[in-house]
Amino acid sequence: MTYAYFPGCTLKTKAVDLDRWGRESMEALGITLEELPQWQCCGAVYPLAKDEIASRLSAVRALMAARDQGTPLVTLCSACHHVIKRANCDIAEDETFRSRANAYLSPETPYSGEAQVLHYLEVLRDVVGFDNLSRQVKNPLTGVKIGAYYGCLLLRPSRQMAFDDPENPTILEDFLRAIGAQPVIYAQRNECCGGYVTLENQGFARSRAAAVADNAAAQGAQMLTTACPLCLYNLQQGGSLKTVYFTELLAQALGLKEGAL
Amino acid sequence: MQVNETFTPTIVAFCCNWCSYAGADLSGTNRLQYPANVKIIRIPCSCRLNPMFILRAFQRGADGVILCGCHPGDCHYTTGNYYARRRMTLLFSLLDFLGIERERTRVEWVSAAEGAKFAATMNDFTETITRLGPNRRLEDLRCKEV
Amino acid sequence: MQRIGVFVCWCGSNIAATVDVEKVARVLSQEPGVVYSTDYQYMCSQAGQEMIQEAIREHRLTGVVICSCSPRMHEATFRKTVEKAGLNPYLLEIANIREHCSWIHKDKLTATEKAVILGRAAIAKVQLNAPLTAGKSPVTKRALVIGGGIAGIQTALDIAEAGFPVDIVEKKPTIGGKMTQIDKTFPTLDCAACILTPKMVDAAQNENIDILSYAQVEKIQGFVGNFTVTIRKKARYVDENKCTGCGLCTEKCPQKKIPNEFNLGLDNRRAIYIPFAQAVPKVATIDPNHCAMLQKGKCGVCAKVCTAGAIDYKQQDQLITREYGAIVAATGFEPISMDKFDEFAYSQSPDVVTSLEFERLMNAAGPTGGTLLRPSDGTHPHTLVFVQCVGSRCDGGEKGKSYCSKICCMYTAKHAMLTREKYPDTEVYVFYIDVRTPGKSFDEFYRRAVEEYGVHYIKGMVGKVTPQDGKLKVQASDLLGGRQLHIDADMVILAAAIEPDKSARPLATMLTASMDTNDFFTEAHPKLRPVESPTAGVFLSGACQGPKDIPETVAQASAAAAKVIGLLVKDSLTCNPCTAQPDELMCNGCSSCEKVCPYGAITYADKPFRGPNRTTRIRRVAQVNPAVCQGCGACTVACPSGAMDLLGFSNKQIMAEVDAICR
Amino acid sequence: MTDWSSRVQEISGVNPRKCMKCGKCTAACPAYDQMEYHPHQFVDMVQTGRVEELMASKGIYTCLSCFACVERCPRNVQPSSIIEAVRLAVIRRQGGNHRKPDEIPALLNEELPQQAITSALRKYSKGG
């Protein structure tokens, strides 16, 4: 099985571990992630303004390419997923945006949201299946207490993202169970890490990350895992717990990645 | 637009028994005037109004037809006025198609307590119809000798 | 040939001052079919009525038109008048020349002209009137109350007091409903059990009341006065007549770890159980999902210890069919699930509870024996945070309800007050959007909570609860103080919105009673008929119609009972004869009419019709039950083949009026 | 004179009249201490036409766009979209950039993911 894949800028540079182990693990599970040719940066933050058209077009281009290839578009970075998924919702629901985007890009077949956007975790859950995944685990992470850190972008706004329960998500915990680890549930797992404000106001961002990590640690977590490069950065800067990408854990469990946690 | 001073329009008002007919009674009780052009036909509910009745009125020379019913949510029969509202929307589109001005038919919700609203509505509607002038008459060809 | 009489009333000067009544009578006498036309000062007076009767007899009238005041005023009067003279009461039409003419016009010429036209329309209509006979249908003198909470109990008691037999169907093993779980009641703080349990006993002992507990309604057929209802009495595996309620079995049952519904899962019960000490009927019930004997065929301890020999593992569900004249829905409410509100960490910490759970934690018969203890560790809580409007007043979507749940402000004030009264060492915070206290002594009660008991009322909301280090870190807004608050709380209590019980929707379908988008039953009129469903013979009691507190519920329950009694005292019902009637030859059985009928009055029957060459064809045609039809006419317009018509307001009659007005 | 209130409602697609002033947005906001105006005030100030005060506030740049206010608002008001619209109203003006693109490199460090840089360009300046 082959899916179109949108890696995003950060996964090509700072977050190569997220990307590399993600692709290799998926390959081992029988799914090839084929990078979209000539993808462009999604823009990292979703433009919330109705009249911002141009800044949403790169996402629309990626969506159109996936539509034309006839496969779902798989994303891995939380920010890319957020931007692309919401652009897809908007083009399906906002008539003004749809007509203006189509007028601007003038594709052969007008685009109105036909492509399916899947996050890597959704592919693991719905295509591979967590039961099936757990059977393929070679090095179960038995006994490791891990706090799943969702952050904001995968979950909210839930009406558009439709990813998981925004206040009580389970997908990362189910994933951790599948690879043999022990998920730790803590309330701050869906609170902000400080996001891009870290640029201007490092102290504040660090206090946010600390609140997240402290809560996880208090509930018994030994480490944190995330799908977002910026979350990882902030948690490493301000948090007290080791933080890794979930694809690293996956690769380790599947026996692809060597080394200790 | 030239206003024809001598033109006295014929206006048919269908009123549901429970709210609007009672509202019309109340405007009478309160001596609130509205033009004599308006003649009221009592129906049990606005949903009893078959759009055919309106077409018939236009065939027979009515210049305007107004339907009055209970406010949405207050229907004596719970949902009747919702049906009426939907049917009238369809009829409006048909009347547009036939070339009868949109303003010649109207739907208003008048409760049994809204005597003043009933009178005001009828004043306004009569004024509108007078301004529009005589209606072009629909012909019922079934009754015509060919 | 029609022989129509026209009677123009002066109404003293009310009509005669602006309408030339003599002229009206004169002009209308020229209308086709009119054989007699006159005017008189007061048609509704004794003399006026006699004049009409005299004319009917003398001129052998076949139809009567009275030009007078509104039919809403005197239609019933004049119908009786003509009926006494031997004319069918529905061969009468009234032209409203007072409210719709003389009172609103000043110019006599105009008003007279209009009165003539209105009279003409009435004459045109009456030409087409057919004699109608109001049907009669008998009334079964027995009522069914569905739901055995305080609403159902009160309704049943009132009906029974009036001497009519009444059955209560309750899905749970005991009657009593939500009120049994409540500790104290606002604003008087009397104990709920103390006022409810005597009523439960009254219901059980009343000769006219039959309680069918652990039962549900399965099928409802018929119409007002004549319902046939099938009730499933679920197997409780205990013979109700033999069980003495001694409770020995519930002590000996080895299955101990079953969440106790009565205490909302805050403690456990056995597989054989009596919900609570004052249950009615006080008999044990076996939970078949957890009983080892029923699941695996091994155990039998309860049968061994039962000295009454009441245990019967082979008991089956029982189907009971009974006839009723009236049905009362009293299905009540449930608090909504907190699944979608985990920003308050309800699923993450046992110390975050709903208000109903808090009732149990404060109740002497509850899991903690009335001592307020944190569910997580059994310690005494010092800081309590109450959050109001959880899931109420939300804007659409699956998350939350659009309405105000009405009771939360008051019970939260009660909880806060009781907590401070019992445990003065606590700090109690209430986060509110608005405090809504419209009710007798309600606002005074809330003010006492603030002023005398020192409850901290804060305008704002809780945005996040983080369980950490044995505390609940509450992040909240204090809008009037202009700050964000961070409180380390021991317990958080959520005032969950209430919604109709899940059983209400399928019940409404069976009853063909209408519901609003929130699944509350709709009343026949929101102001004037608040305890009746638009479906004749179906009445509404309690929170199934909308959120209500106990006094309101009881008031509505008694009102519903009064309406039921008013129906049951009748030997037969006179039906409105202005009902829909299908022309079976034109009906194609398409079901369009059935779909728009708000009363479920339309059914279909397969009937034989003559086909060509002496053949017979079976066709599906609409049938209107005149006892159920209320005569709105929705079906007449929905019918694509024009087969459905409304008696008294037929297509032809209305068209004749249109023609007369436009002439 | 620009009618900023209508402009902000237009850009954000938010109707501030839906707000019932419960304050849950402000209760949920993780950046509360960093702002002089808070989410519920943003909504109120747009409704009452005090947008220029908001535009002058530095707090609009500390909104994390974490959408906690959007998710938890019982009335579906979306305060974060309002904040974004106010921010855009400022940076779209001539010389209105909060940070000029050439100021941004100074804020960077080795470890910072690209995502943050792109975000900053988008959030703090026009075009990006």
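Order of writing sets the labels: A, B, C and D. Residues in every chain begin at 1.
Convention: a contact is a pair of C-beta atoms (placed from the backbone, for glycine too) under 8 Å apart; a residue touches a chain by one contact, two chains touch by 3 or more.
Note that the coordinates shown come from a computational prediction; the quantities given were computed from them, not determined experimentally.
Enquirer: So with subunit C out of the way, what's still stuck together?
Expert: No subunit C: A, D | B.
Enquirer: Is the number of contacting C-beta pairs greater for C-D or for B-C?
Expert: Of C-D and B-C, more C-beta pairs in contact link B-C.
Enquirer: With chain centres defined as C-alpha means, what is the inter-centre distance between subunit C and subunit D in Å?
Expert: Centre separation, subunit C to subunit D: 48 Å.
Enquirer: If you average the CA atoms of subunit B and of subunit C, how far apart do the two points sit, in angstrom?
Expert: 34
Enquirer: When the C-alpha atoms of subunit A and subunit B are each averaged to a single point, how far apart are the two points in Å?
Expert: Each chain reduced to its C-alpha mean, subunit A and subunit B end up 60 Å apart.
Enquirer: With centres defined as the mean C-alpha position, give me the subunit A-subunit D separation in Å.
Expert: 24
Enquirer: Where in subunit B do residues touch at least two different other chains?
Expert: Subunit B, residues with two or more chain partners: not present.
Enquirer: Using the touch rule from the top of the page, what residues of subunit D touch 2 or more other chains?
Expert: Answer for subunit D, listing residues that touch two or more other chains: 33, 68.
Enquirer: Which parts of subunit A, given as residue numbers and ranges, touch two or more other chains?
Expert: Only 167, 191 qualify.
Enquirer: Please list, in label order, each pair of chains that touches.
Expert: Taking the chains two at a time, the touching pairs are A-C, A-D, B-C, C-D.
Enquirer: Help me check something: in the complex, which residues belonging to subunit C touch subunit A?
Expert: For subunit C paired with subunit A, touching residues are 339-343, 345, 347-348, 397, 464-469.
Enquirer: Note which residues of subunit D are touching subunit C in the complex, please.
Expert: Interface residues on the subunit D side: 18, 20-29, 32-33, 38, 40, 68, 72, 74-76.
Enquirer: Using the touch rule from the top, collect the residues of subunit C that touch subunit D in their complex.
Expert: Touching subunit D: residues 343, 389, 393-397, 400, 433, 459-464, 475-477, 479, 484 of subunit C.
Enquirer: Quick one: which bits of subunit A touch subunit D in the complex? Just the residue numbers, please.
Expert: Where subunit A meets subunit D, its residues are 8-10, 13-15, 41, 43-52, 55, 77, 79, 152, 155-158, 166-167, 191-192, 194-201, 204, 208, 229-230, 232-233, 236-237.
Enquirer: Which stretch or stretches of subunit D touch subunit A in the complex?
Expert: Residues 10-13, 30-31, 33-34, 61-62, 64-68, 70-71, 78, 80-81, 84-85, 88, 99, 104, 107-108, 111-120, 122-123, 128.
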